Amino acid sequence: MKKTVNVNVKHLTRVEGHGNIHIKIRNGQLMEAQWEIIETPRFFEALLVGRHWDNAPWITGRICGICSIGHTLASIRAVENAFDIVPDEQTQKLRLLLKHMETLQSHSLHLCFLVLPDFMNAGSVFPLINSHGEIVAHAAKIKGLANEICDCVGGRRLHPTRTVVGGFTKLPSKQELSAFVQRLKNIVEDLMIVADLFSGFKIPDFARETEFVSLKGKDHYPFIGGDVVSSDGVQMREQDYKKLTNEYMVPHSTSKWCRLSRDSFAVGSLARLNNNFEFLHPVAKDIARRFNLIPINHNPFMNNIAQLVECVHVVMDSIRLIEELLNSKFTAPRQEVRPKSGVGVGAVEVPRGVLYHCYEFDSKGKIIKSDCVIPTGQNHANIQHDLEALAKEYAIRGEKDRDIELLASMLVRAYDPCISCSVH
Amino acid sequence: MKPELKFTDVISQQEKTQKRKNDLSSFEYTYRAEITSAYQLTDMETLYRLQIINPDERRRFTFIPGQFLMLEVPGIGEAPFSISSSPSIHGEVELCIRKAGNLTNYLSKIGRGAVVGIRGPFGTGFPMEEMHGQNILLIAGGLGLAPLRAPIAYVQENRSHFKEVNIIYGTKSPAHLLFTYQYDLWSKDDINLNIIVEKADPSWKGSVGMLTETLLKILTGRDDAFYSNTYAIVCGPPVMFKFVCSMLNKFHIPMQKMFVSLERRMHCGMGKCCRCNVGSTYTCLKGPVFDYWTVMNLKEAI
Amino acid sequence: MRAKKADTKTYLGIPLYRPKVAFFEFSSCEGCQLQMVNNENTLLDFLSLVEVVNFREAMTERSDAYEIAFIEGSITRDDEVKRLKAIRKNAKVLVALGSCACFGGVNQLKNRFKNLEWVKKQVYGKHPIDTGAVRAVGDVVPVNLMIYGCPIKKEEVEKIVLDLALGKSIVVPQYPVCMECKANENICLFDLGEPCLGPITRAGCNSWCPNSGAGCWGCRGPAEDANVEYMKKIMKEKGFSEKTILERLDCFGGFKTK
Amino acid sequence: MIFRVFEKKELKNFFEVLTVHNRIVGPVEAGRDKKNNPIYSFTEVSDFNNIKLDYTTTKLPAKRYFLPFHEDLSTFRIDNGDWQKTIDYNANQPLIFFGLHPCDINALNKLDKVLLHSVYPMPYYAAKRKNMFIIGIDCVPQPFCFCRSMGSDTALHGFDMFITDLGAKFFVEILTDTAYNFLKNIKKEEPREKDHVLYMKAVSERNKKFTTKVDTTDLAKILDMEFQSEVWKQWGDKCLACGTCSNACPTCYCYGVEETVDIDLKGARKTKMLHSCNLIDFAEVAGGHNFRAERHSRLKYRYYHKHRGFVEAFEESLCVGCGRCGESCLSGIKVPEVIASVRGGKVK
């Protein structure tokens, strides 16, 4: 065992937001392994108070630049639940399609631009543009298509303009949609190339038993609304999100932390996949099997692979959605909204895990209270516990500080944390 | 008959029957011209000499003093500039350009040898022939000497056609003086050169004050024949020509014999973009040279 | 990209200025930074115009030898002020990137509340958290250039950066969004009975929101010479409540509502 | 002029014959406003049923087909420090306009004067204008239009054929040989006396519907006199300076030019964008001086250009009285009211 280890990462790079890693081992004793969140809070929950319901999706979308679509959809769902609005099938499909494309864009950004450099011995994707131009081109193609579809369905790739309570302000034309089908089919090949590349990487061999929390699919891999389950056997409705998250504060973090059955739990791709493997598209399942990613997998580094699997899944599912939309007759894009007093909760699986928005309204639709629980916030405690375990294990193996630092950084990165989002 | 409209290529059709002034293709016709020299006159102004590259075009390109052209650097911008050289030289023009914004700053970076585009010449000029046999007052304030340099060159080259010739030129300080190297030459041609600066520096030996003071001296005590047989060309900032023209007016110099050059924003030079309109008169078509009577009648001109 | 010591690019024989640029984020959603890498088609051309020396969200290497600093986000804490001032010292040109940096963005909505303690309690209960009033970057250090929008429009940033590299002047539209909206032949939101700030908001987004059938919220701040007072009057006449109007105007901090 | 009449159903046949080989632009319903009234716009159509020939007026004119909002005037290929310029007049196919009202035809005629028949004709416009086939149709006067006062309620030229609804039949004036030849494809006949009677009845019915009037007597002179009038300031206070009036106007043609370099540095372009004299930077020059820094001076300028300057140059006003600018102005600044206020010396 190594007697002393010192790791200090200030402002971890290639993640969204500001976080630090500290690991200290003295005389073979783990003194400290800390995941510290120093992001400045923006107080979104307070910002909304006193404002009209239509502000909620527009403003809370600004919580996060990467998953703004997810936030907007969770917010809309919360408002709709409060006002007893049930979106029609057309709206549901379009929203899911939009959601899928955000997942694809976010996962591909994470995998190919932020994670990839770690495996290729580079500090960023920039040198890879020259050394591995093709792979960057494949990634850009995947991400580009996802962004284009977001533009088409949501009006904009981030901070969408067409998504509103009750539906959409404007529908994409069928012509536009149909043009995407073939391109989506083509993109599967690009994803396979990325998969081939990742299959050559050595994913760190590390595992720690974890409780995984995600939405529960009924007949589909879940993304928007419904019940929430944990791999420890908890199952609740989205309205009961508070009991699922049990937020608390710790001194070294401006983000709140969460727990459920144990000290910590994990949300995100790996959690979704562990809990809903059966609903994955067959092509996506094949990829999972190829990486030996079969439930229940406790290696947090495998979250990267789970993202890859999900990329394939959302592409296949989007093809289905578009084809169904093309075969249906478009109806009015938007239902009328009649505000009423009450509380509404919206749960949505965003790229990094399950996200909850909750609002309380007065009878005029004015927001009295609001609350958002962010996936990365739910993951912080788990990251912390993983870090401790990892530090110990690798210190025992006698690894160098530098290698531990890289591994610790990669571990945090594997969660694809969205820190400014978690602090909001 | 098949009910199908056939596309008519107006432009080439026009070219066939051409030989008329309304040549459609001239709208965007750009001469490629090389900057053959760029001579820095002051901190802010540079004199550019441009030569049209194609020899045929060079022969065709003529202008009258007072006209301007549009100078374009592709991708950077296009703007109007008065031609500041002698009209007797064909296919080669000089422009005196002040760094004032995007294009003009860029120009100061591209030096000799660069190829730019020019369109024109556009606008009205000073009626030089009409002035034959008369006295001439050439009055410029600041950068106004740039447009004045073409009529000066004309007067120089045709000195015998004019009676008394006075140049009255005022700037803020000696450092602002343009074309200093030409002053001797002008004087040699029996042109009275009166230079005045608002603020002298230690080396300055000449007059100090406002241009109107010099003008007043020149105008005072002349006989009626002088006033009625004098033309004035006034170039400079609006405030300056407002004062100058009203002074000339007091001495009964006919309003139709006083000419000014107006500057407005321009994007086409051909009476289309409307940006240069004064009231509703196109500066680029009816101007930039106007007689003072016309200016008095234009709303919002001064 | 630093590996790629691309030979100096020229335009019409004039070498381009290839600035060393750095990106820094303060309190924000980081969406504007994301926008910078969001135009897949032109990304490589764009990156070859500049030398990125600092971009925490995308790269591990860091350097303080930058000329242009792009600042995303608003300023809320003392440590942020310190960091920003240090950046200002290093940078020749400091660019406020996006509405948070230009005006405080949605974050400045916090400033509506007189009692910051209440705000903190709303979110963190009894737990002590350090925060102050939200400020725009320009309220803390001098800013050389503003790039408006929530989010910024990538095409606009590309043009601005290209113009910087070329040595052209930077021009942002002075006219309002309405102008672009008409060019896009949208049906006016007011005809549909929706509120819209297009007539008073600075253009440049190509009427992003109205193109989607959604009214403008003024994220790019006021147009030059915007007639805000009369616009308020019009909206009232069209039947929108004072509250609706105010909520639009104060959303991104560009319009002074007090 | 040659006149014919044909059965109403023949118009559909005519459309169908034309649509085989040509692009057709016509008035369609683009949406509905909050009171569920249709909003019309000129759009390319391929199905006759989508054309709404009984349209009131379109929100925006058909301007994008002859004066596009954005248009590349020239492009440049840049290499080795040198450049080559290419010009494309951006017109490559003729267009059929199916159902233009007299005001919009007159708007084109007015534009022709400045863009086609003046010292420097504008080829970009000419190329499009010369490739238009225009089928005019009579309108139903709306409460906001005052074309009658502007003398543009009827179109005498500038179209290929013009149809008038006689109830069961259409009356058609045939102005060009192209129209004459095209019409060979449908059944029609020479008008008889009773058709003439019907035509005249239709005309007088329509005439009764003009309600809004503008007194244009001596207008150019009065504007000249009232340059300093207080009313301008009052209208200026209301103006949003958003440019909407110009964009909605079928005759506003002012523009700005911008040059841009392609991001790959291999090309550059010079682009024309329709501008508006109400926008702040319209008359701003280098160094920041603005010849019309105030809103009211810009608003006034728009009136001076249309109702005075153009009259001096071409003996007619540059306004056809379609009323679009007033309808789309959120501040409700309407030509008849502005002109009345200038005449009366105060804003009502």
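By letter and in written order, the chains are A, B, C and D; residue numbering begins at 1 in each of them.
Everything below uses one rule, namely that contacts are C-beta pairs under 8 Å (C-beta built on N, C-alpha and C of every residue); 3 or more make two chains touch, one makes a residue touch a chain.
Values in this document were obtained by computation on a predicted structure and should not be read as measured data.
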Next on the checklist: I need the common contact partners of chain B and chain C, sorted by label.
Outcome noted: D
Next on the checklist: For the interfaces C-D and A-C, which has the higher count of C-beta pairs in contact?
Outcome noted: A-C
Checklist entry - Can you give the whole-Å distance between the Cα centres of chain C and chain D? => result 37
Next on the checklist: Between chain A and chain B, what distance separates the C-alpha centroids? Give it in angstrom.
Outcome noted: 66
Item to check | Rounded Å distance, chain A centre to chain D centre (Cα mean) | outcome: 52
Next on the checklist: For chain A versus chain C, what separation do you get between their C-alpha means, in angstrom?
Outcome noted: 25
Checklist entry - Mind pulling the chain D residues that touch 2 or more other chains? => result 78, 81-83, 260-261
Checklist outcome for this item: Among all residues of chain C, those touching at least two other chains are 11-13, 166, 168, 171
Checklist entry - So which bits of chain B are touching at least two other chains? => result 73-77, 101, 114
Checklist entry - If each protein chain is taken as a node and each touching pair as an edge, is the resulting graph a line, ring, star, complete or other? => result other
Item to check | Pairs of chains, among all present, that meet the touch criterion | outcome: A-C, B-C, B-D, C-D
Item to check | Complex contact set, residues of chain D against chain B | outcome: 17-18, 20-22, 73-74, 76, 78, 81-83, 85, 87, 89, 91-94, 96, 114-115, 117-124, 126-127, 130-131, 133, 178, 181-182, 184-185, 224, 227, 253-257, 259-262, 268-270, 275, 277, 282-287, 291-292, 297, 301, 304-305, 308-310, 312-313
Item to check | Partner chain D, residues of chain C touching it in the complex | outcome: 9-13, 16, 42, 45-46, 49, 158-159, 162, 166, 168, 171, 174-176, 178-179, 182-183, 185, 187-188, 190-193, 198-200, 223-227, 230-231, 234
Checklist entry - What residues on chain B touch chain C, complex-wise? => result 73-77, 101-102, 105-106, 109-110, 113-114
Next on the checklist: Looking at the complex, which residues from chain B come into contact with chain D?
Outcome noted: 1-11, 21-22, 24-28, 30, 72-79, 100-101, 104, 114-115, 117, 263-265, 267-268, 270-275, 277, 279-281, 285, 299-300
Checklist outcome for this item: chain C residues touching chain B in their complex are 11-14, 166-169, 171
